[in-house]
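Letters A, B, C, D, E and F name the chains as they come in the text, with residue numbers starting at 1 for each one.
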Amino acid sequence: MSAPHARRDALSPARRADVLVEAIPYIRRFAGRIVVVKYGGNALAGAEAGALASFAQDIVLMVSVGMLPVVVHGGGPQIGALMERLGMTPTFVDGLRVTDAETLDIARMVLVGKVNRDIVGALNVHGPLAVGMSGEDAGFITATARDPALGFVGDVAHVEASAIHRILSGGLVPVIATIGSDGAGQAYNVNADTVAAAVAAAVSAEKLIMLTDVVGILADRDDANSLQRRLSVSDLQGLIDRAAVTGGMIPKAAACLSAVQRGVSAAHILDGRVPHVLLLELLSDQGVGTMVTMGGTEAPGL
Amino acid sequence: MSAPHARRDALSPARRADVLVEAIPYIRRFAGRIVVVKYGGNALAGAEAGALASFAQDIVLMVSVGMLPVVVHGGGPQIGALMERLGMTPTFVDGLRVTDAETLDIARMVLVGKVNRDIVGALNVHGPLAVGMSGEDAGFITATARDPALGFVGDVAHVEASAIHRILSGGLVPVIATIGSDGAGQAYNVNADTVAAAVAAAVSAEKLIMLTDVVGILADRDDANSLQRRLSVSDLQGLIDRAAVTGGMIPKAAACLSAVQRGVSAAHILDGRVPHVLLLELLSDQGVGTMVTMGGTEAPGL
Amino acid sequence: MSAPHARRDALSPARRADVLVEAIPYIRRFAGRIVVVKYGGNALAGAEAGALASFAQDIVLMVSVGMLPVVVHGGGPQIGALMERLGMTPTFVDGLRVTDAETLDIARMVLVGKVNRDIVGALNVHGPLAVGMSGEDAGFITATARDPALGFVGDVAHVEASAIHRILSGGLVPVIATIGSDGAGQAYNVNADTVAAAVAAAVSAEKLIMLTDVVGILADRDDANSLQRRLSVSDLQGLIDRAAVTGGMIPKAAACLSAVQRGVSAAHILDGRVPHVLLLELLSDQGVGTMVTMGGTEAPGL
Amino acid sequence: MSAPHARRDALSPARRADVLVEAIPYIRRFAGRIVVVKYGGNALAGAEAGALASFAQDIVLMVSVGMLPVVVHGGGPQIGALMERLGMTPTFVDGLRVTDAETLDIARMVLVGKVNRDIVGALNVHGPLAVGMSGEDAGFITATARDPALGFVGDVAHVEASAIHRILSGGLVPVIATIGSDGAGQAYNVNADTVAAAVAAAVSAEKLIMLTDVVGILADRDDANSLQRRLSVSDLQGLIDRAAVTGGMIPKAAACLSAVQRGVSAAHILDGRVPHVLLLELLSDQGVGTMVTMGGTEAPGL
Amino acid sequence: MSAPHARRDALSPARRADVLVEAIPYIRRFAGRIVVVKYGGNALAGAEAGALASFAQDIVLMVSVGMLPVVVHGGGPQIGALMERLGMTPTFVDGLRVTDAETLDIARMVLVGKVNRDIVGALNVHGPLAVGMSGEDAGFITATARDPALGFVGDVAHVEASAIHRILSGGLVPVIATIGSDGAGQAYNVNADTVAAAVAAAVSAEKLIMLTDVVGILADRDDANSLQRRLSVSDLQGLIDRAAVTGGMIPKAAACLSAVQRGVSAAHILDGRVPHVLLLELLSDQGVGTMVTMGGTEAPGL
Amino acid sequence: MSAPHARRDALSPARRADVLVEAIPYIRRFAGRIVVVKYGGNALAGAEAGALASFAQDIVLMVSVGMLPVVVHGGGPQIGALMERLGMTPTFVDGLRVTDAETLDIARMVLVGKVNRDIVGALNVHGPLAVGMSGEDAGFITATARDPALGFVGDVAHVEASAIHRILSGGLVPVIATIGSDGAGQAYNVNADTVAAAVAAAVSAEKLIMLTDVVGILADRDDANSLQRRLSVSDLQGLIDRAAVTGGMIPKAAACLSAVQRGVSAAHILDGRVPHVLLLELLSDQGVGTMVTMGGTEAPGL
């Protein structure tokens, strides 16, 4: 902690006060509002040691100033790693992993028993703050089979918002593993981007924030200077249509579109590798990454 | 379902009514009371196909008639099985398994991500009823290291009853995986019998029920006819002292002692292999298994 | 009690469990639902000694499993008996008894001071459960004169549901004597079948159950085998229209029609002479008597 | 109403205002306080036509200004009258009426079904205000047999205050018929003066007011000028000991003693024949009748 | 106190009771209803010593019997007096006083710091009853500039009723100084008659009472016998149109019109010089002054 | 706003984040805690234009992050100024100003009608946040005369905490003018430092902050380098005893002592001339001014 302190000590009281005063309107604006944060398996897997702790600090500050953060996470790389250790070979149909009963068991163990626990643990270092949830709990996420050929890969049919509100009203942070179940109790593995959007819509979140490992959406994916700071829903649809958005960014962009179209005020694609990127986005005049809103022209947060 | 119906159809209305009427005083007595049920990993692992479903039906009936069941489960055999699949060799110190960081990860994945999920799923077949909890959630179970030589094996320091009450007050059934954490967020694997007793004491449960694979406590373990139907705390301590209680029954007996000494009215050791043994114990004049109470002479439930 | 116990002892645990398990879905379905039970003066007057106690047991079990029973009673035979003792001679106009001020006083004394008290007392043997209500209390049942020639015979103009809900929310059973009053405080004697239907409609009851001394509605009143197990509203109207329903059954049938048409899911005519007929109807797959629903084809309770 | 209006019209605005202003401190003092009023069967039986209506007006004004009146009534003369009509001959043991099962039935009918109804009705002329209660309802008044030779004559063992508070909190006036019951559901006839004192103590009433047909307690019963305006508990005990209090006044005096000794601030014996005597006592500087307090010297109401 | 007592002592109990009984229906009718009372600066300034105390007694009695009074006051004469002492000369534009920043400061000091305090103090002599409010508090009265030439003279744009309800629900009396503020925090002096009407409309008051120093509205201002006891909105508009209402009575008449047109049941113009005029108006059959209702023909209070 | 932005723009995201992250533990520690801030008349009188606005921003940020600020203010210089304008000459007894009725009127007008209004107005620029209170409201501050020779100078006898809690629970900021009243409604002028300490003790405040125009308490008042950063109660008493604390600092030091001795965790003397000194004290590791705690060695805020 010496280095940061050294840096901070050089900061004048006036400039410290400026930062705090600048945060006032944002804090007031977002007090009591729900912000859904999608934290990807990649972020967790590839991160340097401090990344999860830094993420946890940001979530704790959000709680401290009265926001209601909800964390949704995936865990693809971690599932793959355990399967590999167990000598299992993934099967793919049209590029999608087939999820048989054993794979589902692995996915559940990793998502609910490993990734979810690690995030909950990192938050609870700051106090009794976080509660893990799996979509299977008490009908929380209802899923339906996407395609029999894919096995237990599910789509979100319903998110029971009351389960999230009950935890939020206790002053706690829900951390959601993206397993769903159908009416008969059968579990399904569900895409985390999709769940994050569905959760944001179900709880009438103010914001959906997708933490990724890119700086945002580029108009020209070969040109880092083509970062799009603000996009309307139709702008983003246009970029998707002309294939400017590709690969893993497609489900993230689709989640942003879906959330905003279902009433979430703004969806953000941020670079989770930047320390405290959540704070910078939420509590300062500096917008970072790409913000998607219905019209595309709203101010970044106010 | 034809066979049971055939049997039932032969039952006269008067005898049906008798069974229901006999249940009245028990239902009234236990309405709104918390009953902690320890469901062992052995029960789950060795059971014929229908055992989990039958267990789930009993829990659902308990909810239906106004009791507040809390399920605590272990998962030793399942942890061992996954370790074996991963080529890990358990180490033991004085007969206790050493739990290093990797073993802890395995235990968490199995308990929270597999066993807990299976129980939650079996209950939720009947409706949105069950919510999985891990002791790590929001400071729910605080654990301390038992012995450095054992690694992350923990003892229960505190159970936060409010977390359980919050779920119960929503009309839901908590299903608790026995992972705890210390103030610094470090997780520990905790013995499930111990957790069950600590939970029962913390929530001021009316009963603690240990579902095992034996008929109860025998005065002479070689004589199945020496089943002890009622034991006082001192009776049971006597049996332990003269080594009549041995092996895996010791922690179960100790949990019963601990719970009753900390205010739980009665602790039961029942044979989980008997279908609907919970209902028979709770809702009829027929006591089954061994009941431990402070004085040993109270009536079986009324 | 020895005989019933003797019988019960012969019942195997498995068959006992079957009865309880069979009751689960009904208990869940009716939990928190209001069931209005009309208990006739005939049932009370002509009954063998144990009938009222058996009725009380059933009501207590309904409470135990979370239902909200409301009892409405009449008392024609008891009113007649007291009038006779007092040497009063009833006068009739078109077959309806003229209720002058003195007759009304007698009716009030018998209904509120005798029949109501006896039912309340039988229930309170099981604990502080029942509260007597008269329609005169705090504007509970507003009545209007039916016909000046009949004196103080009233029709129901309004039932104040909040008075019933206040008692139900205290976990208590309202037992309602069918005296009403008008805005000026004048009391009226009101037909109990009519009140039962009006109460069921006012409190949005799930069921209205008329306990009578017949097995149900017969298509051919001379043929005991012509019992109608399920009737739609139009079926029942048809039977009334072609005079298949006659005499004292007419107001009961009309009450069933009225309740179902005003939103009560099902109305039942049961034989109150069968011990525990309420339990058999409510908590088992065996429907008894006649059930009237809007369409006539719904399952018997689920 | 012409005469009173005539008188009132002559009253100057200033003097009207004086009366209202004089009432202010009393209204403020008694707002939200419980006042138990014993209304005797004699008052009801012997009264000129308007007495019950005048009593009802006073109770309504008490409610209007925020007091919480509770009415307890007897009905001895009315019970005797019905017994006589039915050709029953009372039996006495040491001057106390033996109450066999039939007599109890008569008493219940008269108290609950006739007197209680009449009072409830007179109050409800002013709106939905009054609710009848019998001590049998839901364990409200627990009684024990006084003496086997007397049959079902009971003493008050317990008054369940919550039942009264529930009605008061709904803004309603409880009107209590003095039948009690024991744990087994057996009803008893209980002396109304005794019940009034027990109710006043159980609900922590501010005042107990006994409406009688005398002007108060006389030091010399042959000297109407010997009215005692204020008595301490020991003064009153002295008058009883030297037999200055006699006959029917004894239970009333005993009720006053009992209530004050159990925490009721003041007990009053007032002449119920004076129109609006309750208002004059409660809302003006003029005390009337006899007031019993612990010390005997407190101001009359402030 | 001797003189009033002397007078009162001559009053018979029956006549005292008459006054109280006559008040019953009014007390019941106005219980829980809000009555806004405008108390003018003239009343305060010109009054003999006891006028404010008498006013305070009336407000306290209103509270005692369950009404919810709200006091709105002005303070023109007091503002003028302080300006004069400070050597300031008022400027007028078209007969309206120009309010520059310094004048506004004076007005605020007098209204909030002097007149408001005096009224609050007079009420609090009777207990902790009154709370001063200024329209500047927490957005309570939003004002807009009427005319730049007049400076800080404001019109009422919005009254935040919740601020008043919060105080009323604490059982307290709001005493409102008529300063408003705009969104930028700029204060304005607002006419008290206008504020009183706006407050009455905002809180859905039952009545608006304007205490003035005239007997009411005269059809012919030179004929004291032409007092109009009841006026419809259109009657009053007619009197204004034909200039029968003049001078300082115009804003009062306009306030009555405005309040009634926005839902207040009745507006009254009373002579505040008559002792206890509020009680006489509110709690007796004698209406005083002028009452304005929508149709003009409603009964005076019932 | 260009200058501040220019400065801020030069600040790197990492350093901005540092400031916010550093604030986390303080925000969490003080969330829901009451902080009483004494804002002196000198601060207001002598301040450059922006000081009140800067103070208001700090209070608003405190609200934004969940603290519950309470502002207590004096107004000595402003009272003196108005007296001077009115040509009044203050009289002193032993250095204390004699407060006759007219002086009290002036003080009330200035404190309640001017200073209080200015602070409320500056806060409400940010939204409907602040509510002015005078100690006279509804028995809020009970005062007693200090010395007849001083006239209406009062000491605090009681602070009614519920009045403050009611405003705080509405999410609002109480701004308190330091006028008190006795039981008879007589107002008194009370020293603001004393009131601030009494308020802090009455509401169990976490902190009392005295904003002054000095840097803190000096051990040697001639040596600006002798600032005492932390003082125990006994340290401070020692400094007072040896006359190191003098003049206007004495009542401030006494207020700190009194508050801490009555349970307030810490009392601070800060230099109100430093912009945003409240934020720097409350939300950063940098303590400023002098902090008084019971033992003197606690960490500055955590």
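Here, a residue touches a chain if its C-beta (ideal position, glycine included) is under 8 Å from a C-beta of that chain, and two chains touch if they have at least 3 such contacts.
Bear in mind the structure is a predicted one, so any value in this text is a computation, not a measurement.
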Discussion item. Please identify the chain with the largest separation between its CA centroid and the CA centroid of subunit C.
Written reply: F
Worksheet item: If you average the CA atoms of subunit D and of subunit E, how far apart do the two points sit, in angstrom?
Response: 44
Worksheet item: Can you give the whole-Å distance between the Cα centres of subunit D and subunit F?
Response: 58
Worksheet item: What whole-number Å value describes the gap between the mean CA coordinates of subunit A and subunit D?
Response: 70
Worksheet item: Distance from the CA centroid of subunit A to that of subunit E, rounded to the nearest Å?
Response: 58
Practice prompt. Name the residues of subunit D that each touch 2 or more other chains.
Written response: 127
Worksheet item: Quick one: do these chains touch in a line, a ring, a star, all-to-all (complete), or other?
Response: ring
Worksheet item: Going round the ring from subunit B and on to subunit C first, in what order do the chains come?
Response: B, C, D, E, F, A
Worksheet, complete the sentence: Per the touch rule above, subunit C residues touching subunit B in the complex are 4, 7-8, 11, 13-24, 27-28, 31, 57, 60-61, 64-66, 127, 274-276, 279-280, 283-284, 286, 288
Discussion item. So in the complex, the part of subunit F that touches subunit E is made up of which residues?
Written reply: 82, 85-86, 105, 108-114, 116-117, 120-122, 124-125, 127-132, 134, 136-140, 160, 166, 170, 172, 179, 181, 184-187
